[in-house]
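As written, the chain order gives the labels A, B, C, D and E, with residue 1 at the start of each chain.
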Amino acid sequence: MSITQILFWFLSIVAIFSALMVISSKNPVHSVLWLILTFFSISGHYILLNAQFLAIVNIIVYAGAIMVLFLFVIMLMNLNKETEPQKHKWLRIAGAIAGGSLLLVLVAALKDTDIKHQQALVNTGGIGLIKNLGKELFTTYVVPFEISSILFLSAMVGAVVIGKKE
Amino acid sequence: MPINYYIFLSLALFCIGIVGVLTRRNAIIIFMCIELMLNAVNLLLVAFSKMHYNAALLAGDAATTAGTDGQLFVFFIMVVAAAEVSVGLAIIVMMYRNIHSVDVNFLNRLKH
Amino acid sequence: MTRSDGGCGDQIMQNALQMVYLIPLLPLLGFLINGLGRKQLSKPAISLIGCGTLLVSFALSIWVFLQVKGGNVHTAHYFDFISVGKLNIPFAFKIDQLSSLFLLIITGVGFLIHVYSSSYMQEEKPEHFGRYFSYLNLFIFSMLLLVMGANFVVMFIGWEGVGLCSYLLIGFWFKKQEYNKAASKAFIMNRIGDLAFLIAIFWLIAKLGTVSFDEVFTATNLAKLKTFDITVITLLLFVGATGKSAQIPLYTWLPDAMAGPTPVSALIHAATMVTAGIYMIARSNILYSLAPFTMDIIAYIGLATALLAATIALKQNDIKKVLAYSTVSQLGFMFLALGCGAYTAAVFHVMTHAFFKALLFLGSGSVIHAMGGEQDIRNMGGLSKKLKITFITFLIGCIAIAGIPPFSGFFSKDAILLSAFIKNPVLYGVALFAALLTAFYMFRLLFTTFSGKFRGTHEQEHHLHESPPAMTIPLIVLAILAIIGGFVGIPEVFIHGGDKLGEFLSPVITEQEHHVSHSTEYMLMGLSTGLVIAMIIFAWSKFRNYQRSEATGFGKVLENKWYVDEFYDAAIVKPIKKAGTFFNQVFDNKVIDGIVNGVGRLLHYGSRQLRLVQSGQAGSYILLMVISMVVIFVIQFFIRK
Amino acid sequence: MISLLLILLPLLTGLAAFFIKDEKLVRTWALLTSLATLVVSILGLCCMNDTKYLEYECEWLPSLGASFSLKMDGAAQLLCLLNTIAYPLVFIAGWDKTYKNAKNFFALMLFAQAGIMGVFLAADALLFYFFWELALIPMYFLCSQWGGEKRIAVTFKFFIYTFVGSLLMLISILYLYGQTPDHSFSIESFYNINLTSKQQSLPFWLMFVAFAVKMPIFPLHTWQPDTYEQAPTSTTMILSGVMVKMGLFGLIRWLFPVITGASFMWGDVVTLIAIIGMIYASLIALRQDDLKRLVAYSSIAHIGLLCVGMFTQNASGMQGVMIQMFSHGINIIGLWIVVDWIERKTGTRKMSELGGLAQKAPALTMFFVIIALANIALPLTNAFVGEFLIFNGLLGSFTQYYVWYTVLAGISIILGAAYTLRMIRKVAYGETNEITASVKDISLNGRLALGIIVVLILAAGIYPQPILDLTSGVTDSLVDKFDIIRKALLK
Amino acid sequence: MNALILSAILGVILMFSGILLKQKAAIRNIAIAGMVLLLVVNIMEMCGTVFFNVNTHGMIVFDRFALLFTTIAFASTLLYLLLSARDMEKVGVNYAEYFTLIFFILCGITLTASFKSLLILFLGIEIISIPLYILTGSDKKNLKSNEASLKYFLLGAFSTGLMLMGIALIYGAKGTFDTASINVFTEGKPSLLLVTGMLLLLFSMSFKVSAAPFHFWTPDVYDGAPTVFTSFMATIVKAAVFIGFIRLFDEAFGLMQPQWKLFVAIIVVATLFIGNITAVFQQSVKRMLAYSSIAQAGFMMMAVYAMNTDAKEGLLLYAVAYSFATIGIFAVLIKMKDYTFDGFNGFAKHQPLLAATTTIFLLSLAGIPLTAGFLSKFYMLKAALAAGNNLWLVIFAVVMAAVSVYYYFRVIQAMYFKEGDAPPIEVSRSFKWTLVVLAVLVIVFGIYPDLILSHLYF
């Protein structure tokens, strides 16, 4: 059992545990913190998969920007355990069962795919490096890249439309 | 590490996200769960890209760029997610302004 | 006598008989003129047109008759009425012995009755007067079509036409709803018969592909028909006849038909229309001769009708009702004759009956006229002093119908009885009994009406008077005919070759020769005559001066006509009405429409339920989505494998 | 040429009618144009009766294989004639009526005429369906705009009923289209379809239901009495006089020649249903008190007989249907005119409240009686010829129960006499009452319309041969088709 | 390509015009002018003049089908703007921004109609969705609008998640996002990953086109959103997503029909059933139209089911028929004070012209001949029948079409046959004429659809 494998298991367990905590903790602030932890563990996975660039971006964008945004909002509304609305017990159970069965079905379906023995975790390869990605992004993927700017524009306009006081 | 593990891991995260969406009423939490789902997808994509890269290597193509597209896709997902978050939070805030609650079931005028 | 192709071959145009279409055409014209101009024309003008047209066609009929007597028989073809595929139905007239004879009877008696009516209907308003005559002419027209038609379809046209006219004339005084009811009853009962007639025609078409007499009654075609077919066809035709000629089971309309004006009863419901059935069967005698089974049926039905009607007539107090039932009974005799294969006898009796029954009806009309509309014989009596001519003519009529030599009725009825005797002595016995009943009730009628002392109200008595000549002259003429009418068919036993009628009709009517010893024949005649006279004396002793008395026991049953009408009502009319009500109120509304509307209601219900799924909660939406996803995955990965 | 004109004329004049404000003017306009159409159809009948005039074809949807092609065979000519005769009659009879915003009324009426005409002429399945619906839509608006108090619900029911039917027909058409050798909707290629009788069954029933609803055949008839009762009488005349024939015409042109095998196979069943319907409707008519409903149910009975006649599938029966379609159209329009007059003058349709009209309105009564007698097929009226031939065909047909069928159908004829005479008796005869005491006799335009009708009745009753000759071509070809099938099956 | 870039530019222009110009008329005119320009440019591209020639590395291909559809979409949008642009003023203050977002959405529509790579599809759908979330919530003080936008956003994001998961799995199976190369598989059966991904995509696309059982957002969102924008998203957007749908399943999963045909059939049936049946009982015309749009989606799904030439032509025709009719009805509905059926009572008396045109639109939606609605439905049924032995599906669809008549005609009945006092509403002459043009177009395409379809081929 190599170190990478140990890391893999460790990160996976952390990710899943913290994810579970996200959905189970009563206090929204805690959920946010747990979610950040999840993201960190996922970034860890990225590093294991030599996707260094994505790992960094993940931490910056997600754990950094996005989650902070969430945190701000939650603080702003000072939500906490007391104000947290609770779903009816049975509905919660139903939801859990539904999601669980979906997982079950998918896993059962995909447990023996034709590619199941292909290796993902090896220490070679530099495609994840910013150099390669950048090259691709600004040659092949330039059009989608520009298009995504439209997406941002619309999001910005939207935020303005929604957020602006009248 | 066989790819299956990654598939299962991300599926697990994905479904946890779904369960979260189903079990919570706080709009923000629900939204966070959706973000969790997206991250599960990202993880899977990265794993796959790596896998395809390996496959290409084993096929003997030393200078392969296989799998790059997967990682770029992840990049685009993050872009979209960011945009979504900005809009989504704006909407939630707007609602909160009006009803001082983030309970998705609080507003229930539209039905039947 | 082959049907012309296209109708304009030379030899046909040369044939004078091609002109016979004038005979029905003139009454039709009369109908149109009187019908459309009934508001404008004056009464004399109307009666002139009505009678005049008929007089002319009567004259033409005589001319035609002479032609035929001269051996010139002819089928006049005018145009193709219906021609579909192989079926071709021409509009053609057939002029032969049988039809020409009937032409004479119809136009002749018809003319007399027209004349009679012109004074009998004087009280009517002009337009109703005109309506009356137009109907009468229309009737003559259709009756002529009936007898002149060269195929079953043209015959059927007339057949239904006369039904229509009788409907119109029974309901002539349309303000009285019960009259209209009687009219409808007549029409519908005729319709039942007509349906059978039609089916018979279709059967013929299906089997032979033709309906014209000239083609059907040829040996080759008859050979094509199986016995079964012939029996069915003849039976169906006979059912048609029972409708028109008031036989069991369809006779009940005729007595009710007396609602119409009396001349109408005389013309349509005694002299002419009701004998259409006999004409039709006589016309197709060749067919019937091949269907012994049908013949038996006809004989029994006829006899039964004769007896039943006679018994009913015993207890009737309405002068016209008595005559009506006697008509039914006489028709029964005619069918008996037909059933026994004595077609000539039947036709003979049709003729004589036309004379004396028309006479009797017109006489009763004159009585009613005198009594100011009174028809109940219990309120009459002793009229012989005031109404001399009426009384005498009526008496002649009664003698004739009773069948006392040498009056016309004797010969025809004797011929019938003889034929019955030849077929089966039992039949003869029953028939004789019916004949005796006839004599009895006719003279009951005569005595209660004319002898004894007057039983009506005083102003009726004061009002009593003999009818005007326009009414009495036809009476006299008919009386003479009733006396001498029989001499055209004197039995062989008296004069060799006396049976002129038989000879005349022999080309169209083929009868199997029968042979009974002269002694038997004499004996039968004597027997019947004797008994009849006895009956008359019995009636005289009983009703010389009539005392009013309530009918009891069996008499009541007879007075109520064996409750046949009630039975029909309960057995047929009521159920039909019930079914109609049920279908209308329950089945159509509740069941069928209920299903239709039920679908709509179900839709609404489903909609109301289904929209509850749209709970308005994002959580539940996603839950449902996830569940359906799971389901689809399961189907894809675990079930479809 | 003629055929195209027959459709375009009412369509365009109808459009024009939308813009004529003045009521009197638009009424005149409608009458004149309908007369013009009549002239055209007569032209097509007598002097220009040559295929180069009667047929028309131009490209429409080549991608679908649908073309705008019109074909005018004998049956079509007869029915177009009926259509063109009916409209002037309706307009004349309704001359003294006033409608709120009349221009729409007359425009829609003319549209309906165009639609019906198209149904009779279309030689392309898709086009046929188009016109089929087109005839329906104006009727829907007419009935629910100018109808009685329950009009909306009733008319809507009528619409849904027929719409469902026609949609089923659409499926059938599509199915058959799939079977055509050259994927085309033209009638010729429909005639070239060859399927086994078993395969034909489904499309047969799908299509027959559509026609059965239109006719209507028991048990799909429940829309009809309500609609006839609620619709404005002018519309009812068209509905019952002309539109009903669309269903029968569908049988003649689209069902029998295309799906011959199944039509033969199911002939017995359909005949039985239709006969049951006849008796059923007659029994109900016997118990009706409302004049309109009575006429409606009697119409159901008559249409049932027509359907029976079609399914005898022999020359006599189908020729009978041809002439009877014409006769029924004329007669029932006459009946409606009378009923409408009575309702307008007395304010009631209840026979129990009527009576004694014969004294007050002799002319009306005369027409009434004549038409009623024609309605029960008295000889020398047009209906007799038709029913005679139909019954003859029925008895001569190849169904194994033909005798019983004939007898049963005959019963309904007797019942027909019963309820018709009952109607005459209750309406025209008897003493007058306070409702009928003040009735005046029918007005001039009414007399004119009824007079024309009576003339037609007698003319067709005494000398029907021209009509029979007109349609013999169609029936003969159908009979040949059926003979082939029959031989094939009997072997 | 012209349209894609120009629409983006126009979006930006309008964004600034909101800052620079004060009077709304000017903004509106710019928008409409821009729209015309967009339409022209797109048509020019159809005729072969391409201004910008960008190498998209085969991610976007503007083929005949895509261009024809975009033309249709732009034309409908133009008509939509002509009819309803004025009414956007009522929604809120950010007048220019609304146009901006609409142009961005058009940009997304162009992508969705012409993608060749799942990435572009994803971006396109997102560019469509995100502005729509905004527009739905643009009536900020209105709680219904808030609720609608929140629901739409949450569910939309969720379905995006599904879609991404699907794409990821497909990537895992194929190692590419290019539709063409996804569609080839050497081994007999497609791999489980591929199938799973395909199904997830099916779900998310069904969600976007509001096909049952993923339709739940539709009624609430259409009902809650400002009517102006409901009109837009219910027609043009939905049609565009459908085009994306059929492209995806034709080009990427064309060879996997055995795997998805059954489920599409189920979805068709469910959608038709739920949409039609639920619409029957509605009291508000707006909500009824929402459900009817689900029902219509069911019919359009038949094109995906059939997946043949007829289906594609039919889908284009359907897009026209459905969009035009619905835009027209909504344009009238916006003017109404009262959205309930009774609000239409006696409408024909005061507004004969509007009533007449609305009737034509309703007839088209109901699929009555002579209107485009009939032929489009006809194409669908034809395609479905041609697709194979599935008469039952067609019969079901037809029965449901009959049901749809029920609720469409309720409006007609209210307008024409019911007595009532629908408050007289004043409309500009230009509005009336645009409406008439729209109605005429509906009828013209109903008689001669080749006007459109002939452009599909050279």
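For this structure, a couple of remarks:
We take it that a residue touches a chain if its C-beta (ideal position, glycine included) is under 8 Å from a C-beta of that chain, and two chains touch if they have at least 3 such contacts.
What you see is a predicted model; the values in this text were computed from it and never measured.
Traced through touching neighbours, the fewest hops from chain B to chain D number 2. Shared contact partners of chain B and chain E, listed by label: A, C. Interface comparison, B-C versus A-E: the pair with the greater number of contacting C-beta pairs is A-E. Put simply, the chain farthest from chain E by mean CA position is C.
When every chain is reduced to the mean of its CA atoms, the largest separation from chain A belongs to C.
When every chain is reduced to the mean of its C-alpha atoms, the one closest to the centre of the whole protein set is D.
Rounded to whole angstrom, the centroid-to-centroid distance between chain A and chain B, based on C-alpha atoms, equals 5 Å. If you average the CA atoms of chain C and of chain D, the two centres end up 37 Å from each other. If you average the CA atoms of chain A and of chain C, the two centres end up 104 Å from each other.
Measuring from the averaged C-alpha position of chain C to that of chain E gives a distance of 78 Å.
Residues of chain C in contact with two or more other chains: 611, 614, 616, 618-619, 622-623, 626, 629, 633, 637.
For chain E, residues that reach two or more other chains under the stated contact definition are 119, 123, 126, 130, 133-134, 137, 140-141, 150-151, 154, 158, 172, 192, 196, 219-220, 406.
Counting partner chains per residue, chain B shows two or more touched chains at residues 3, 7, 14, 17-18, 21-22, 25, 30-31, 48-49, 51, 55, 66-67, 69, 76, 80, 83-84, 87, 91-92, 94, 104-105, 108-111. Pairs of chains meeting the touch criterion: A-B, A-C, A-E, B-C, B-E, C-D, C-E, D-E.
Chain contact summary for the complex, chain C toward chain D: residues 79-85, 87, 127, 153, 156-157, 160-161, 164, 167, 171, 174-175, 177, 180-181, 183-184, 187-188, 191-192, 195, 198-199, 201-203, 205-206, 576-577, 579-581, 583-584, 587-588, 592-593, 596.
On chain B, the positions that touch chain A within their shared complex are 1-9, 11-26, 28-29, 31-33, 35-36, 39, 42-43, 46-51, 53-55, 57, 65-69, 71-72, 74-76, 78-87, 89-94, 96, 101-103, 105-106. Per the touch definition, chain C reaches chain E in the complex via residues 603-604, 606-608, 610-611, 613-614, 616, 618, 621-622, 624-625, 628-629, 632-633, 635-637, 640. Chain A contributes residues 87, 91, 94-95, 98-99, 101-102, 105-106, 108-109 to its touches with chain C in the complex. On chain E, the positions that touch chain D within their shared complex are 313, 363, 368-370, 374, 378, 381-382, 385-386, 391, 394-395, 398-399, 401-402, 405-406, 409, 413, 416-418, 448-450, 453-454.
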